[in-house]
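Take this structure first; my questions come after.
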Amino acid sequence: MAKSFILITGRTTKQGRTIHLGKQAKDYIDEVSALEMNPADMEALQVKEGDRVRLRTDHGSSVVRCKKGTVPPGLLFIAYGQFVNALVGPDTQGTGMPNTKGIEVEVEKDDSG
Amino acid sequence: MGEIILTFKGMGGSTVPLEADPITPDLLQLKVRAEIERLPLYHGNEQLLLGDFFSVKGERSNQIRLRGDLSQVKNIGVGMQTGRIVIESSIGMHVGARMTGGEIQVHGNAGDWAGAEMTGGLLWINGSAGNRAGSAYRGSKYGMRGGVILIEGSGGHEVGGYMRRGLIVVRGNLEDHAGARMVAGSIFVFGRVGGRTGGGMKRGSIVCFNPLDVLPTFRLTSTYAPLFVTIYLRALRSRGFSVPEIGGGRFARYCGDLAESGKGEILVWQG
Amino acid sequence: MELNGVPIEDTYAEAFSAIGARLLITAENERWAREAAASFTGFATSVIGSGCEAGVEGVASETPDGRPGVTVLIFAMSKKGLHEQLIKRIGQSVMTCPSTACYNALAGESWVSVGGKLRFFGDGFQSSKLLDGVFNPPVGRARRFWRIPVMDGEFVVEDRFGMVKGVAGGNFLLLGEEPQAVLQAAELAVGAMRQVPGVILPFPGGVVRSGSKVGSQYKFLTASTNTAYCPTIRRQVESVLPDEVRAVLEIVIDGLTPDGVAEAMRVGIRAACRPGIKGISAGNYGGKLGKYHFRLHEVLRS
Amino acid sequence: MTVAKEMRVVKDVTCPFCGVTCDDLEVHVEDGKIRDVKNACVLGKDTFLHHLEGLATPRIDGKPASIEACIEAAADILARAKYPLIYGLDSTELHAHRKAIELADLIGANIDHTSSVCHAPSLQAVQTVGIPSCTVGEVKNRADLVIFWGANPAEAHPRHATRYSVTVKGMFTPQGRKDRTVIHIDVRRTPTSRMADTFIQIKPHSDYEVFSTLTALVNGHDLDVSEVGGVPLQEWRDLVEVMKGAKFGILYWGMGLTMTRGKYLNVVALLRLCQELNRFTKFLGAPLRGHGNVVGMAQVLTWQTGFPFAVNMSRGYPRFNPGEFSVADLLGRGEVDAALIIAADAIGNFPAKAAQHLKSIPLIAVDPKESETTKVAQVVIPAAQAAVAAEGVAYRMDHIPLPLKKVVDSPYPSDREILDRIIARVLAKRPDDGAKRAAPLPRG
Amino acid sequence: MASAIRIKGGRVYDPLHGLNGVVKDLCVEDGKIVQECHGAAEVIDATNLVILPGGVDIHTHIASPAVNAARGLRPEDHRLLCCPRKPGLRSGVGFTVPSTFTTGYLYAQLGYTTVMEAATPPIGTRHTHEELNDIPMVDKGCYLLMGNNEFILQYLKSGDLEKIKRYVAWLLHSLKGFGLKLVNPGGVEQWKYGKDVEGLDEKVNHFDVTPRQILQALTWVNEELGLPHSIHIHANRLGVPGNYQVTLETMRALEGKRVHMAHVQFHSYGGEDYVSFTSKAKEMADYINGHPNVTVDVGQVVFGDATTITADGPWQYRLHKLTKNKWYNLDVEVETGSGIVPYTYREKNYVNALQWAIGLETFLLIKDPWRVFLSTDHPNGGPFLYYPWIIKLLMDAEFRSQMLKRVHKRVLSHTMLPHLSREYSLYEIAIITRAGPARALGLRNKGHLGPGADADIAIYVDAKDKEEMFERAAYVLKDGKIVVRDGEVVESCPGRTIFAEVPGDDDLLTELRDKFEKYYTVEIGNFPIPLEDLPFHQAVPTGRPV
């Protein structure tokens, strides 16, 4: 069962630190694949901390891990990185800037593995 | 006088856009075929000849017809003053930008900045237009300053931004920020509009024929039947652009944007 | 020359050139368009005393806003004079009239700003719309409409009005026995003449009884009653009236073109030549007044 | 026998990590290795301490090669390209910027940098309405109202608060934090909210509406709505009073505005608010800029070409048009036929489709470290990391330039040297035909 | 390749040596003008050509954080003039705020070889020098903004003039500045809380000092340090109707001291508002004519687009409110401010037309050409590209009266311009664009053609139309090399950055370190600019000026 959310992205201290370890480093990948979600939304989607969810937009999809966050219901947060890039379309509406924050995404629990 | 027919031969699979600014009636009407073929076109960092990309029929005419898939071809009719260009396909960016007169017909879609900063003439797009049709290039004080853009399909973001004068009519939908920061002029949209329509407008009119989310900085002043809307609709029909009958229709008038001088208006058809 | 047994004097109507404009007044219905037009053309009979001559030209078949409308012609002696009259009369008689709008209906030789002056009534809340020339194919001239907020909505008035050099003072005289019969003939003439486009008959009901001559015995008066045509003082002055004539009425015609004036005279005279009319003449000032001479015989022959 | 260890402490070192551009770092070097960094935040500290991790190696088509061979291969690609792209340039310094632009001019390239996908909308907003702003020292010395909007400096610019904007004491703010009111406005709580006296949570995609509303209120208008952005109008009225009542207000914004719906127009609305507030008090705004030295690249590009980003040189002179010559669009539409990515990880940061195009064309990566870009690049040229192993100049977020020091040596050449050598090789391969290509657009 | 050139048969205008169109050969060797060439020399046949020293611009805005901000602010301006790349040269853009390389080329094409950036904030001077490094073809220097420096205001408050002198010396030395610039002294500090000063005796917020005190103190410092150039003043109340009184008062306050008043045109206004706006050029010229201590540049207005860039923040806010054009403001910690507003001067606008006329009145009413210099305050009054047009206006009274017919008609009755028949001679043009500014700058190797001078030479085809003549130099020599031929740049040369050689004063460092810590946001160690950052430079000695 998929549910619609608005996904925002941004820097985190940990992302900023671990990037120096290289983008292959586990710590870095862990940080940029962690999806913050409001506990109520997690309950509605029937996912727990650490569960995998699939994010989907018109442009692509990513599988990331859920964690409880302070975001308000309906909003998701994930640190900048390759997982969110896969969801972003190239259209910039003539500004040069793709829609990198505030992306409308479908979220569903991923049970594939 | 006949017409000049330019048939696009393609770019050999290259994805690099072709810049074809010399293709204007003003220039071509002075040239014989051999001269037309030798006009410079710009393909990436190379300067090539018009004849490399187009086969040319006809000469010395201010009527130009373009054939072939031109969606990767930019700058057609930029700054044109007189004559007529008929494009039988979709066209790339900047078609008719800064044009001051004459007429361009596009039988297909147009790329971004169609008619940007134009000051006169008619740009008629049978398909859809991209972002910023009739708008300003970045930094310019004004977008379109005169003339008419008719779009039978839809338009992208910021259509009519910074508009100072002129008319844009869209039969389909528009994305966000239609008429952004416009200073004067008119935009008619028969389909739906996106968010923040008229944001930052100082004066001018945006006439919407479908309900929309009006910005909080607009205030409803009244509901009435503005005569000028009727005048415009009749004028459009007389030019062969079909528009719905709205006999007896009323419009809600919202004034704004109060974040600026607030003398603009959004008129929303109430049926 | 005779028409239906009525002798047509071999003389000419002497007319002068004047600057004219054509307005199109629309409204919710024809009644209110006519109300505005009536008020606009009120007290506009003679350039001498009214500053302009105006009249309703007819009902418009096509209007920019699709509403019923009437066209009005107005003539004055100078562009400046016409400009002032347009502003005053549109401001006082059209803007004030419920539901109306006022458009230019003439491709002018020159242009004056009218809406552009009246707009200040909007106290800063006026706005304008410029309809591009591509919607006006043969001429290609853009039209600007001012929108002035008023108590029933918006008064729309065109910015610029075209002016042309027209003809004022085209005329003919109906000479008859009985005043009633002459008036009846005049009414018939007016009815016919009002079908002619491009002309107006500025006097009340299209008819004037106080024909005038140039000069008077009083220094302060430049024109006075046309003594030669006044039956009641026939023996006191040098009269031109045959004895049986006891009433004379004049029909004055202003038009955008000399041809229009001639056409109006022709249909008017033809309609008027009926029993009881003893002669048709014209106001002829010996060529001193104006450059247009409409010879009655020529007008009727063409 | 013991060899005396070389121990050095380099003072006044400028940190290249973010736009706060702290220049008070002390780097302890022992035997050519960085052992410790004082005064830096964790992000800055890691920049220096981990500068040797994940280093790139020179290679062509995945095979090890000499730097010289790599430069030759890069020059080959660029000399042949019809519509090349030069992109990146955030994590480097002024002289490398110069050389990159010179190269772009020479080969008729598109040149863009990381600003394009971070604060370029802010730059466009400034081009639209201007900006009332100040250097950070003015905030330190005077600001009694600091607003952070759509930004999270606590995580992205960790020392901003202590050096410039929140707790710092200055000429007319002798009590530091006590002399300031701090407000955070965002769609979610972040560590920045904890620094603030007030946090106002607004709905996503409502920034534009809120700025417009505030400006209308500043202009003395009443509005018909009861809430904007999910916040009661009365709260916005109160905020306007706070803003008008401040002696010196500053509004810092982040990419929460530039990357969301509305893009540069969000910032236009913000800047109009700041401008209008100057009718009542001193009120300024500033973007929280910088990853790395993006500000510097924008500066150099502006003075050399007139435009701050998204510059196209294909016609022999600079042209600017975001949406046309900006990197995301050039790649998203699949137009460019070769790319030189320098001091940035394009593939790691771009939308999938744009990254895909990069993978399909001849690609050169110049970077100290391995990245998603170096992984797939045809030519990889490792460089000495600017500000650590190469000196130069970096710009702070308020356009103040600061010297970068070379703290340790690197076996690899600096960015500027690499570019200089590529330029020399390109010149050897193709005629300098700039003039031939040139045909200015009609004036107007 | 011979480094010697003989320029044969040209008419030489070298006012410093009194040469007024004398036909004479000039010899150049190793970048200098020499009495006679030794050995082989390339020959330039200058028969029928006019030879002038390379032009010297004493006041222009071509490189600084604010200039670059203006470039970034105005993409629409750049689209008006595209300058393509040529082999060995760089591409760029015009028009009112040209890119750096283009700035150098465009100046060189006009025959200019020395230009002075008139305002750089100390903290941004590293930036300014980097930009100057990218401006080829000309020698250049910059004036440091001092008139609102809070450290100076603090020292002034405590009456410590000696400290000010040492601090100023430290700034000049550390930052490689050429001169001292005051912009709206006191007013820019007031602007930091949104205000301005009205007159010379108004107290500046928090600092308890007045513009008069600032003016007098820094003028004293300038002379004590023996800087080559006098103090360079942008007076209070720029652009404001009635400001001529403040300007006169400023000059009176500094009576007897060397002083350069920048862009006086913008400071010569009467009236109470822009309706009663009048010219006070006569009053200004009368004062200047009677006071040989004063030099001025005009800040001539030209019609068309301009970009106003100034440290005068409060004025720029006013201009933004007047025009509703976009407005950039950057207040600079401790030091100064800046503002940018695009502007268009229109012939039919009364105020603009009068500004234009006031500039010309200033040129024509000041009797001594050695003390009035050509400038547009580029790009505030318009771009420097219009210098040839201004020269034509000065040399051709007929052209002036034609222009007078085009501009707003009230100008005819509201200025003396229609009655001024004076026409500048070529000799006088050589003074106001070369010899005069070089002398005022204290640049002994510039602005003349005597032996020992830098071989910066501009050669023109003498045309009746002086605009045509000065638009494209036939030849320009920079340091003895031909860099322009037939109006086109043929070779790039870097040009040198010129600065005043003020001894450093490290004793002040401890105190300054503390002040930096408290009020700045950069380390004092990162403040000075090492000489290596100026790859081509030249120090000009200080000392008592002649």
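As written, the chain order gives the labels A, B, C, D and E, with residue 1 at the start of each chain.
As a working rule, contacts are C-beta pairs under 8 Å (C-beta built on N, C-alpha and C of every residue); 3 or more make two chains touch, one makes a residue touch a chain.
Here the structure is a predicted model, which means the values were calculated and not measured.
The minimum number of touch steps linking chain D to chain E comes to 1. If you take chain B and chain E together, the chains in touch with both are D. Each chain gets a centre from the mean of its Cα atoms; the one farthest from the centre of chain E is C.
A comparison of C-alpha centroids places B closest to the centre of the full protein. With respect to chain A, maximal separation of chain centres occurs for C (centres as means of Cα atoms). Each chain gets one centre point, the mean of its Cα atoms, and the points for chain B and chain D are 34 Å apart. Taking each chain's centre as the average of its CA atoms, chain A and chain C sit 79 Å apart. The geometric centre of chain C is 74 Å away from that of chain D, both derived from CA atoms.
One inter-chain figure worth recording: chain C and chain E are separated by 69 Å, centre to centre, where each centre is the mean of the chain's CA atoms.
In chain E, 73-75, 79, 326 are the positions where the chain touches two or more neighbouring chains simultaneously. Multi-chain contact residues of chain B (touching two or more other chains) are listed as 112-113, 131-132, 137-139, 158, 176.
Of all residues in chain A, those that touch two or more other chains are 93-94.
Shown are all chain pairs that touch, namely A-B, A-D, B-C, B-D, B-E, D-E. On chain B, the positions that touch chain D within their shared complex are 14-17, 19, 21, 40, 42-47, 78-79, 93, 98, 112-113, 117, 131-132, 137-139, 158, 176-177, 180-181, 195-196, 199-200, 215-217, 219-220, 257-260, 262. Listing the residues of chain B that touch chain C in their complex gives 103, 121-122, 146-148, 165-167, 185-186, 203, 205, 224-228, 230-232, 234-236, 238-239, 263, 265. Residues of chain A touching chain D in their complex: 6, 8-13, 16-17, 20-25, 59-60, 70-72, 75, 77, 80-82, 85-102. Across the interface of their complex, chain B is touched by residues 93-94 of chain A.
If you check the complex, the residues on chain D that touch chain B are 81-84, 107-109, 124, 127-128, 205, 208-209, 211-213, 215-216, 219, 221, 223-225, 228, 261-262, 265, 268-269, 272-273, 313-316, 320-324, 333-337, 436-437, 439, 441-442, 444.
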